[in-house]
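Here come two complexes built around chain A, the first alongside chain B, the second alongside chain C.
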Partner chain A sequence: MVDEIAPAPKSAALSRETASWLLFVLGAAALLTFPLFGAGEFTITLLTEGLILGIWAMSLDLLVGFTGLVTFGHAAGFGLGAYAAGYFAQHVSSEFLLVLAVSETVVASVALVAGFVVSRISGVAFAIVTLAISQVLLQIGVAWLSVTGGMDGLIGVPLPKLFGVTVESGKSLYLMVAVILVLVYLALLRLTNSPFGRTLQAIRLSEQRAAAIGINVHLHKWLVFVISWLVAGIAGTLLVFMKAGTTPMVFNWYESGYVLAVTIFGGLGTLLGPMIGAIVVTFLHDQVISLFTAWQFVFGLAFVLAVIFFPTGLAGVAIRIWSRWWNTRS
Partner chain B sequence: MDWNFLFVIALNGVIYGSFLLLPTLGLSLVFGLARIVNFAHGQLYALGAYLAASLMRTIGAFWPAVIVAALFMVLFAVAVERVTIAPIRNRSDIYTLLVTFGLGLMIVGGIEQYWGTAAVLVPTPVALQDTVTILGNEYPAYRLVAAALSLTVAAAVFAVVQWTPVGLRIRAVADDVEMAGAIGINTRWLMTVVFGAAAGLAALAGGLGSPIFTVNLGMGSSILLDSFLAVILGGLGNLPGSAIGAFIVALAKNIGGGYLSDWSIAVIFGAVGLMLIVRPRGVLGRGRVA
Partner chain C sequence: MEPLVEHPLLIRDLTKSFGGLRAVEGVNIELCPHHVHSLIGPNGAGKTTVLNCVSGFLRPDTGQVVLGGSEVTRWPPHRLVAAGLVRTFQITTIFAELTVRENVELAVRSRLGRNLDVIHQASRIRQAQDEAEEVLGWLGFLEKASGRGDQLSHGDKRIVEVAIALALNPKVLLLDEPMAGMSRSEAERIAVLVRRIADKTSVVLVEHDTETVLSISDRITVLVQGRVIAHGAPDEISRDAAVRKAYLGALDVE
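Let's look at the complex of A and B:
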């Protein structure tokens, strides 16, 4: 109650912190209640796909935006999650939490090994070695017929169950994805604002200086790599349920490039940017592809222009407008 | 063991290696000079092949079509470099890498829009449609001729880099950009020129290879990955190493593919990934650490 009679901050009616929390609550509420407002089946499916891409992009933001490790192999954790979840759901149980636990265990075990190796390198070498890892997984997906189904991939993955109740595709699945997205966002927000997150940013600014002040760079890169893959694995798990299957092409380096482009387009190091970027790109994709067949051309052009003229992405542009508006008001 | 089978797949490997050599040298030159990892390189190769295929149909001649397509790609790449890569030179290397990725998307999207998704078949030049007999195996003559041409061009690239004034400048810039600039080398233009030349080499390989390998949408991405592997094996920016790398990749891919089928590429990628970590300067130990 004290808050109410306390004098308002000097210039603005709301403090910046309160304003951003208010925005977050509004955004989350809008996200969760969206299907109630008579959105069509197609829009909901599209949005579900956008949100899954959003989770994936946020996981990449942790690696690229916060730690400065650009990768062209981020499809690896995503695809691994999709395959592990799909296989388990087909052969054992489609109880979502159980599936998630299993797929995350698989992702974690591969990420621990891969991360141990790649945490020794950075820059261009990191981008290419992670690409190679993802291609290895692609080829295993093609070659290991008895488990992965070869080029056809996993087909006919059942819908997930939540405590025994099947989550129907459409609104129910959308809600599940939206809730997970909000949880992932909050967790990553917490993580990036923790001492661990600050350490990652120190590593991004300069590995040598970070090492010089006593940070174990190798260990931190290893950890963030594993965490990033785990979050990507969640997105992959959701995708395999949404699409009822997956093919080895989920590991294609173009997929990795796509999610990287989406993340940069949204705004590196902001979490919210890549998430919104993912939704925007998903809808743009739908619009553009109905006009041209050459979606890749339009997307590539937008990406080139974004990197040259707006390297801070959507978030950067939004922050610029926001702070200008804020400053004129105060 | 069937030695004859091994011989034929090894020969196929050598032929593929001769083609892979040209894009690989281009990739390596551009990296050595400008620290650009050119993700659009594979698509420049693909565009060269598509252009050559279309020109062949229009003018009805094979060799002029291949050469004109390659020359056009030089101009195209020079323009692209000036407009998109030169303006962001002073930013971190990773930005150029991202821009080239976007350019690659644009090219492959453009190809899809213009030529469609179906593979384009290119007939072998009439004079070279025969086969020759090597150790009892019938082998298409065109493959041998095209591979020999490709090797000749690669040798010419080495000669230019080693013995001409331009080559001297290229080596100087690769060694130390700032120092090279200080002694009066126009580094910006040199980078543009090398970028264009690399695209021309890739496009030439695309055109020469078009009757052997199908011209399709996936060709750019596939050759890019192989060139990456070759360049990494050879040590980034090291030309002789890259050449060796190209043949290692091509032989491993063909021989491995003959015995291990789908598993072979997984093994190669795994080996190269490890290579980059345990021996980051490449097989000759003279490349740059990325």
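Let's look at the complex of A and C:
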């Protein structure tokens, strides 16, 4: 999308790619070493939350931004991951990789069934049916007392262990989340640039056209739905450890709307945008709520203004500045 | 009843209703190898419905579609494409955000079975690049290959639509009004192209422009209100009294 502005000669294009990678390495390094620069406990916790939201927003970007499937129920995979991980950590083991394997298995099983159904629909129907699915999960969360703890939810989930060593909250947990975020980003970047990723974009542009060039639209929508839930499930797993628990409200439509707004605000179809959007919104939330209780009003207003003036989101603005800077430079 | 020639595509007794409306009723078409077989008829005659039923975008009520000797009735579009039955659309549906080359590469990768590949970089698959280049070169379209889909003229978009279809190596190509909305000279360019395509594959052409159809078709089937009222070679069709009465009135003018 950037290339249309100025078709740069081949060597310049290559070095620009190198520059983008350099920027990524710097960003990742900054993210991973952030706690070393004397940030307070509170800031670290806030940023951890922002990064978890970032993973979740990237998973939604895959559906909304790349495949064009808008959903009002993306809390489902997230919440399911949180519950499965929390329950397993409480009752069996809090060894992180094991917990993740279990929660992802649970998320995958439900996503395979739900995705099979919703891959046959599009547009508003898709948005609403996925909303219904998350509300069903919410009701199960409330009603299945013996497993979910009802309205109270899961309380007192232990800290995760990594190969037997407890990951303390604060810097250690932050570091674990940051590493996972970088890995998830790289995996999704690879996925979206692969032939499979391009078929998703083809489906977004026109399902009919995609089918006419031999793309199995149902299968691809099904797969991307499952992948999206799996990534959301990773975020949910991290959240339940960070918060030491979860309530059924994690499935609430408000949460789905929130992550959708964050993703759009960050910039659809860019991965990096929703991730940065998540961090920005998390800090904004913290700043605003200490001054002013009507956070939702402020966020709503900011969201509307952002959509009107920056329809491509934060990422769109960033890409424009980056390209302009690059072009004037060379 | 053994056919004397191996027909790339046979349509037998195809029927499709929408509610109470019989859009297509008992349509038979036998496509011969390397023919341009045109389907003509006034608006609402059911031409596009036939195309949709054959290409899997609609499910016919009754009838059979036989592709290269095997029955493929009611197969979904993507399976038909894999089996060699490819269509274009009346309304241009190329991917506007992608360049011409990317549009064609997408189709090539799909044919090469790479749709589920999550490992490689889509833009660096050599074989797809080469084959897209070949198709665009064959069409004389390489100069415009880097342009974005939405920046092309209407006529060029129609060519890209054809390029995407050709990139799928069709055994049978269904062209839905490829000349719609074109200027005279652009339409002639497409007419020449359709003849060239027939050297490579077999073509079913739905088209409004009767003059062009008569000049480039090997066979013509005339549909009126969902039924076949005539079929044959172009000169037979232009002489057919029923066709003249129902449809070709415009030809009297010449």
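Here is the rule we go by: the second predicted complex is superposed on the first by the 316 of 330 C-alpha atoms of A that agree within 3 Å, B and C clash if a C-alpha of one lies under 4 Å from a C-alpha of the other, contacts with A are read in each partner's own complex, and residues count from 1 in each chain.
Here, a contact is a pair of C-beta atoms (placed from the backbone, for glycine too) under 8 Å apart; a residue touches a chain by one contact, two chains touch by 3 or more.
Keep in mind the model is a prediction, meaning the values are calculated, not measured.
Asks: Based on the shared chain A superposition, would you classify chain B and chain C as clashing or fitting together?
Replies: Chain B/chain C on chain A - fit side by side.
Asks: Which angle, as a multiple of 10 degrees, do chain B and chain C span at the CA centre of chain A?
Replies: Once the two structures are overlaid, it is 80 degrees.
Asks: What is the contact status of A:T328 with respect to chain B (first) and chain C (second): first, second, both, or neither?
Replies: So A:T328 meets neither chain B nor chain C here.
Asks: Between chain B and chain C, which one contacts more residues of chain A in the superposed model?
Replies: Answer, by number of touched residues of chain A: B.
Asks: Of the partners chain B and chain C, which touch A:A202 in the superposed model: first, second, both, neither?
Replies: second
Asks: Quick check for you: in the superposed arrangement, does A:A211 touch first (chain B), second (chain C), both or neither?
Replies: Second partner only, chain C.
Asks: Check whether A:G300 is in contact with chain B, with chain C, with both or with neither, and answer first, second, both or neither.
Replies: Only chain B; A:G300 stays clear of chain C.
Asks: Using the touch definition from the top, say if A:L191 reaches chain B (first), chain C (second), both or neither.
Replies: The second partner, chain C, only.
Asks: Please work out whether A:S146 is in contact with chain B alone, chain C alone, both, or neither, and reply first, second, both or neither.
Replies: Touch status of A:S146: no partner.
Asks: Based on the superposed arrangement, let me know which partner A:H220 touches: chain B (first), chain C (second), both, or neither?
Replies: In the superposed model, A:H220 contacts chain C only, not chain B.
Asks: Rounded to whole Å, what minimum CA distance do you find between chain B and chain C in the overlaid structures?
Replies: 13
Asks: How about chain B: which of its residues touch chain A in the complex?
Replies: Listed in rising order, the residues are 35, 37, 39, 84, 87-88, 91, 93-95, 97-99, 101-110, 112-113, 221, 225, 228-229, 232, 236, 261-263, 265-266, 269-270, 272-274, 276-277, 280, 289-290.
Asks: Write out the stretch or stretches of chain A touching chain B in their complex.
Replies: 70, 72, 117-118, 120-121, 123-125, 127-129, 131-133, 135-136, 139-140, 142-143, 150, 253-254, 257, 260-261, 264, 292-301, 303-304, 307-308, 311
Asks: Provide the residue numbers of chain A that touch chain C in the complex, in ascending order.
Replies: Interface residues on the chain A side: 1, 4, 7, 190-191, 193-199, 201-202, 205-206, 208-209, 211-217, 220, 223.
Asks: Spell out the part of chain C that touches chain A in their complex, as residue ranges.
Replies: 55-57, 76-78, 81-82, 86-89, 93-98, 106-107, 109-111, 114-123, 125, 146, 148, 164, 168
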